[in-house]
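The structures considered in this document are given below.
You will see two complexes here that share chain A, one where it goes with chain B and one where it goes with chain C.
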Partner chain A sequence: MPTRESSFAAVWAILRKECRSEWRTRYGLNSALLFAITTLTAVSFAVGRLGDRTDVLAALLWIVILFAALASLSHTFVREVEGHTQTLLRLAAGPTPIAVGKLLFNLLFLGVLEVVTVPLFMILMGGPPPHWGTFLGVLALGSVALAVAATLVGAVIAQTRGRNALFAGVSLPLLLPLLAAVVSATRAQWTGNPVTFELRLLAAYTFALLAASLLLYDHLWED
Partner chain B sequence: MIARTVLFLWIAAWTVLALLWAPLVPALAETTRVLYFHIPSAWISVLALGWSMFHSIAYLRRRRIEHDDQASAAAELGLVFCVGATVSGSLWAKAMWGSYWNWDPRETSIFFVLLIYGAYLALRSSIEGEERRARLSAVYSAVAFVTVPFLMFIVPRIYFSLHPDPLINSSGKIQMDPKIRMSFFALLIGFTGLFAWMLSLRVRVLRLARRFEAASAAPAGSAA
Partner chain C sequence: MSAAGPRTAVEPDVASSTIALEARGLAHRYARGRGLQRIDFAVRTPGVVAITGANGTGKSTLLRIVAGLLRPSEGTLAFTHAGRTLAPLARRATIGFASPELAFYPELTAAENLRFAATAHGLADGDGAVAAALGAMGLSSRARDRVGALSSGMTQRLRLAFAALHRPPVLLLDEPGSHLDDVGRAVTEAIVAAQRANGLVLLATNEPRERELADSRIELRGGLGDPA
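After this line comes the complex of A and B, so read on.
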């Protein structure tokens, strides 16, 4: 049984390894950014400036983020399978530290993606200024939720046939309730309504998924 | 055999009684009768999906393929009963609210459950190897059931919904007419028995299919 300190060290090592191998090729990040910007352009071109239609804006913002996330978040696990590095990785760390390290990496990845996408969205779509504190809180919690669900599904999906097609199909149903809550919270902060209820629901759902996945990660890679 | 006959007679008798003997809830008029089928369907789908999670966790602990049979059969049946609850609810919505589908919180959340377990079946069909399929589906099934309490119980109760459980079931107490209550619980028991029977059939089919596969693979293996 690994000690707690060694697990933290393993998580940190996995996170650093993921960042380094991503930085070497930047294949995942580049394709995700390209995807996000293309989606954003298509949406912006198709509907034009929406002005104060915050209900549509909130939905479109999250659809752009979701699309980019779905195009890239399974990448961390699929890369190990396709590069045949999974066995080696498992010699270095236990399944849970690997998954947690990859979860943190996915979170970081989403953060970078949003730093580019969200300001661009604001400029192109021209909505009213958001309530920054609430807006960033919703964005952060939504990203955590997205990363937790997508990492778990990515880990499962990496070992299947037709994994890239299946990833969107399998993770979307789990993400839909989150998406509904996060869109309604984003809309509520624009109109100045309270968002505590949505945030609480989102936090509870994320926490339940996270707890379940931490218990289950150990069973992902036994062969 | 006897148990099956009793089960069918029980369901048939109580269906007749529910339609002819039990009175109607005034606010729901003739549509009251959907509750004898709609609520048991919803209840059995939660029961079946919970049963699937239970056996998924048992599989992950003990690694016996019988648990995977139970888990996959229960998830399939849970999906079937969930479709039953959705369709009967949708028919009822047409009669009461005037449209089959209107994204009421109840409709939305049951639709999410359908999608989540549809994804379970899609996932199963794309994994090669019995052990790996059982293991990965078990992980997904356990996670999927985590969402069920949210979707079936929490979300529909806190969002504003037109769904009529306040009429017959307010503040957690069952306030039904005694005759309605008796028919309802009798049919709930009956349909739960039906589910148990269907589950045992499905599990037997899965077991036989595996035995058949092993038997037809063995001579070819020994000849080679």
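After this line comes the complex of A and C, so read on.
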């Protein structure tokens, strides 16, 4: 049986391997940043600064983050299958450390993406100053929820033949409630309304999805 | 039985624990008439067992089942270590697996690929184990080369280094001599000889030279060798 120490070591090994591979290949980060920057620039040229249109601002921010990140986040497992490295991975670590390692990488990826995207969004779109504590809390919880959902979707679709078609089918019901909650919370913090309900919803969603994922990974990641 | 003196990286870390494999009605079907036909066998440490049979008889499939990478569609395989049955997902520390299907991360170097595996296995001296495994396979000078730049023979040596990295008591080697030159084959034979003393080797091969390394043999039927 794997000990807690060996599981931590496996998670660390996978996180470090993912970071090193991404750094060497720039497989996901370059295209994610390109998407985010070009989208924000194009919208800025087209409609100018959105000012106090907090409904549009909140939706635009999360659409940019979601679409910039999703293709890369959900492909963390697909890359292993397409590169035929899943045998190596399965011989080196158990399903749960693999999934947790990839989830942590996805979180880190989102963090790097948001460090560039959010300030650029603020500058180009010109929204009202956010309530920083609440805003960062929504951003953090939304990112965790997005990473958990994308990692699970990635594990589900990786072993299937029609993975591109399945990607949309599995993603839609998982991402819609998440997107609705984060957009609503982001808008609420700008307008000064309470965000407690949305944060609770996001926390419950993340917890439920994480628990389901940890139960499913043993079965998803085998022949 | 046990070799005296300090262990090298490629010698098994089995101590006095006995490992036994017992298959009953084991089979795996990919499609009608395709895959591993029903087989019964029992093997235990120490020893070298050759798995032979025509193409398509399921030699690689059998090794994948033993490694816990594939669930058989019929029958059972009991994998016991020191009297305890190991579930498929709990066999990683006990087995070393090298097969033509085993691919490495091409953007990482040979040493980085092995260091990833060593860390994931929780080896205390990961760097030492990596250096010893690469040295044993004659790959020390290529440790910092990216895997994508290695030749087929070097990649095969890296597979064998990966299999022996954590000194597992059971080695599962699928066509270990493929792409290897004479030096590579000699090193492989030395690994098998070292493992014979304490551990177990399952060797899927049809090469006469590799078959001679084995103490016993499991002959698989069907595949392209079966006119039916």
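Assume the second predicted complex is superposed on the first by the 216 of 223 C-alpha atoms of A that agree within 3 Å, B and C clash if a C-alpha of one lies under 4 Å from a C-alpha of the other, contacts with A are read in each partner's own complex, and residues count from 1 in each chain.
Methods note: a contact is a pair of C-beta atoms (placed from the backbone, for glycine too) under 8 Å apart; a residue touches a chain by one contact, two chains touch by 3 or more.
Please read all numbers here as calculations on a predicted model, not as lab measurements.
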Superposed on chain A, are chain B and chain C clashing or fitting side by side? fit
Contacts of A:Leu216 with chain B and chain C, given as first, second, both or neither: first
Contact-wise, after the overlay, does A:Thr38 reach chain B, chain C, both or neither (first, second, both, neither)? neither
Identify the partner contact of A:Ala204: answer first if only chain B is touched, second if only chain C is, both if each is, neither if none is. first
Rounded in steps of 10, the angle in degrees at the Cα centre of chain A between chain B and chain C is 90
Partner chain in contact with A:His84 - chain B first, chain C second, else both or neither: second
With the two complexes superposed on chain A, say which partner A:Val156 touches: chain B (first), chain C (second), both, or neither. first
Partner chain(s) touched by A:Thr191 [first = chain B, second = chain C, both, neither]: neither
Going by the contact rule set out at the top, does A:Asn164 touch chain B (first), chain C (second), both, or neither? neither
Smallest Cα to Cα distance in angstrom from chain B to chain C after superposition equals 6
Does any part of chain A touch chain B in one structure and chain C in the other, and if so which residues? 222-223
Where on chain C is chain A touching in the complex? 64, 67, 69-71, 88-90, 92, 95, 97, 99, 101-108, 112-113, 116-117, 119-122, 162
Hey, which residues of chain A end up touching chain C in the complex? 1-3, 5-6, 9-10, 12-14, 16-17, 20-21, 24-25, 83-85, 87-88, 90-95, 97, 218, 222-223
Spell out the part of chain A that touches chain B in their complex, as residue ranges. 152-153, 156-157, 159-162, 166, 169-170, 172-174, 176-177, 180, 197, 201, 204-205, 208-209, 212-213, 216, 219-220, 222-223
For a test of understanding, state which residues of chain B touch chain A in their complex under the given definition. 60, 108-109, 112, 115-116, 118-119, 122-123, 126-128, 131-132, 135-136, 138-140, 142-144, 146-147, 150-151, 154-155, 158
